[in-house]
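Paired with subunit B in one complex and with subunit C in the other, subunit A is shared by the two complexes that follow.
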Partner chain A sequence: MFPPLIVLAMIFFVCAPVFIAWAPYESTMGLVQKIFYFHLPSWAAMFVAAIVCGIASAVFLFKGRVIADRIAVSSAELAVVFGLIGLVSGPLWARKAWGVWWQWDARLTMALVLWMIFVAYLLLREYGGPGSEKLAAGVALFGMANVPFVYWSVNVWRTVHPTTNVVPTLVPGMRGALWWSLVGFLLLYALAMMARVRLEEQRAALERIYRELDD
Partner chain B sequence: MINGGTHCCSKGDSVKVTVRRAAVLCLLLILGIGVMETSATGLLAQSMQTSQQDEFVPIDELETEDQLPAAPLLIAAYGFAWFAMFVYLWSIWRRLARVERELASLASRTTER
Partner chain C sequence: MKRFFAVAVLIMRKDLRVETRSLELFLTTLFFAVSSVLVFAFGFVRNGRPVENAVAGILWIAIAFAGTLALGRTFERERYHDVLRSLLLAPVDRPAIYVGKLLGILTLLAAVEVVVVPLIALLFQAPLFRHPVLLFLLLLLGTLGFTAVGTLFGAMLVRARSRDVLLPVLLYPITIPVIIAGVRGTAVLLEPEMDLAIVRAWIGMLAFFDVVFITLSLWTFEPVMTE
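Showing the complex of A and B:
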């Protein structure tokens, strides 16, 4: 499962720029609009990571399953990575399209808060000491609850950010490039998740052996 | 008494009329100022809008030195995405290799015992 997924993810990720180059130019923004093909998929992957982390945390909190905790911490790390890509690519696009790097509007501020919740989750796991897993799981639930608000914020509050009806109204040339890129990012997420969960399992095995040696 | 009362009432009425006149005058004055100010603001806004519209230049008609180049921003965005993913996958691989190395050394130690 692992090697085929690596190959598939690499094909998608390496070919994405070619499809993006073929995609037509947007009439008002021109070349810089092509950041969209990495910006949107990175946030989509971030949202998926945040939701997976939230669900796994709920399972860990209410059922006490250790595997759910391993999935949660792995997904939180990926939420931070994909969120960082979105937070960096967004201002680079905004600088040209809006004339500013950042705008403290509802969408951008809520997206930043969402990202910071998952940074807080990881900091809590790292430095919270014994029992921090359960506290962090609670934080993850708040993070997951924030996702629909971030997504829907552009339709509710007045903001410079485009609304959610951009994707359904894309021309076919743009839509193909976007879907290709989106699948590539989601495959990368799956690939990184598998590797990261394996790392957690190996760490747990190592800890178990050390405990047995101590006994 | 009646005369006095009539005289008293008519004096009071005249005071009331004067007060009413003053009130109406004040109201008219306030209304007048309001209307004048509104129209002045409207005219000012209109003139500002006209001047702003005259100043507006579409971004593709700007001088070349005034235009912000898109290519470096695009390259920076894509470069960062690739770099971040590469660094993260490399960090997982490195952490995994370290743990697996430690596991292997522990396994060899336990078999030696």
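Showing the complex of A and C:
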């Protein structure tokens, strides 16, 4: 499963710059608008990671399956990483498009809050001592509940950030590049998840072996 | 259902009885809230005088900080006497324990706010009580939302390491929407021509978050508190 997916992901990432370069320029923003092909897919991957973490946390809390906990922690880490990419690419674009690095509008504020909830999840797991897996799972549920709020915030409030109406109304040249980048980022997420969950399993197996050795 | 609320009220009365004997939490939290109001008042300074428009923010930050302290110390007291374990051993609905603790802490914070809010109105000459019902609704729903999440996390962290710093680290990102709605709603209340529709919108958002937070907390309290 893993090697063919790596090859596929590499194809997507190698071809992406070509499609992005071929995509038409946006009328007012010019070249800087092409950050869009990184910015939106990384936030999309972040949302997917947040939701997967939330669902896995719910399964871990209510059913006690350990694999769910491993998926949850892996997904939370990836949510933080993809969120960080989104939080850096956004201001880089905003500085040129809006004239400011950051605005405290609904979408940006809630997105930052969502990211911070998953940072808090990781801090709790790292420094909370034994038993913090269940506690962190509780936090992840609140994080997951936040995701639809972030998504709909641009439609409910008048913000400087573009609304969700933009993507369905893209011109064909841009649409192709966007979907290509989106699939590429989601493939990257899936690959990273597989590697990370496997790492978590190996760690647990190693601990078990150490404990058996001690007896 | 009746038993659920009977248990919750019993736990609340237990907490209040313990508190009224010493008044330790109430007095120290109150003094902390007043001190932080002063710190913020002199932190936000323009031309050597406090900024007038900062009142709504100062009020809600004082509530958030004092609330975090009150939550931490309520559960510290529980941990010290191992009360939480006895409560969990009792043959009652776990969510009822959560609601009982929530009501107790809510009452404590309400008592603190009864003193702090008029004090802020006085210190900053802010017409907070021009629309008392709306102010009451904002404070009630905002404090309820904050306390709902705080009670869950406070109980969760009772046995965790680094619990003192982890409580605000976990609590503040999640309750930021509540604080935002509270501050913006209070700021609109303070304007000379208050826009009722905007205040009602913020109150509606507070109510929405309260429902979501309390529901999530009721669901997760039991699995999170068990080993």
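Observations
The definition used in the following text is that the second predicted complex is superposed on the first by the 215 of 215 C-alpha atoms of A that agree within 3 Å, B and C clash if a C-alpha of one lies under 4 Å from a C-alpha of the other, contacts with A are read in each partner's own complex, and residues count from 1 in each chain.
We adopt the following convention: contacts are C-beta pairs under 8 Å (C-beta built on N, C-alpha and C of every residue); 3 or more make two chains touch, one makes a residue touch a chain.
Keep in mind the model is a prediction, meaning the values are calculated, not measured.
In the model built by aligning both structures on subunit A, subunit B fits alongside subunit C without clashing. Of the two partner chains placed by superposition, only subunit C is touched by A:124; subunit B is not.
In the superposition on chain A, A:10 makes contact with neither subunit B nor subunit C. Put subunit B and subunit C next to each other and count what each touches on subunit A; the higher total goes to B.
Legend: residue contacts after superposition of the two complexes on their common chain; A:167 is shown touching neither subunit B nor subunit C. Contacts of A:145 after superposition on the shared chain: subunit C is touched, whereas subunit B is not. Once chain A of one complex is fitted onto chain A of the other, the partner contacts of A:62 are limited to subunit C, with no touch recorded for subunit B.
In the superposition on chain A, A:81 contacts subunit B only, with no contact to subunit C. Superposing the two structures on chain A brings subunit B to within 16 Å of subunit C, judged by their nearest Cα atoms.
Subunit A has no residue lying at the interface with subunit B in one structure and with subunit C in the other. Residues 60, 68, 70-71, 73-74, 76-78, 80-81, 84-85, 88-89, 92-93, 95-96, 99-100, 102-103, 106-107, 110 of subunit B are the ones touching subunit A in the complex. Those residues of subunit A that touch subunit C in the complex are listed here as 61-62, 109-110, 113, 116-117, 120, 123-124, 127-129, 131-132, 134-135, 137-139, 141-143, 145-146, 149. Subunit C meets subunit A in the complex at residues 149, 152-153, 156-157, 159-163, 166, 169-170, 173-174, 176-177, 180, 212-213, 216, 219-220, 223-224, 227.
Those residues of subunit A whose C-beta lies close enough to touch subunit B in the complex are 13, 17, 30-32, 34-35, 38-39, 42, 78, 81, 84-85, 88-89, 92-93, 95-96, 188, 191-192, 195-196, 198-199, 202-203, 205-206, 209-210, 213.
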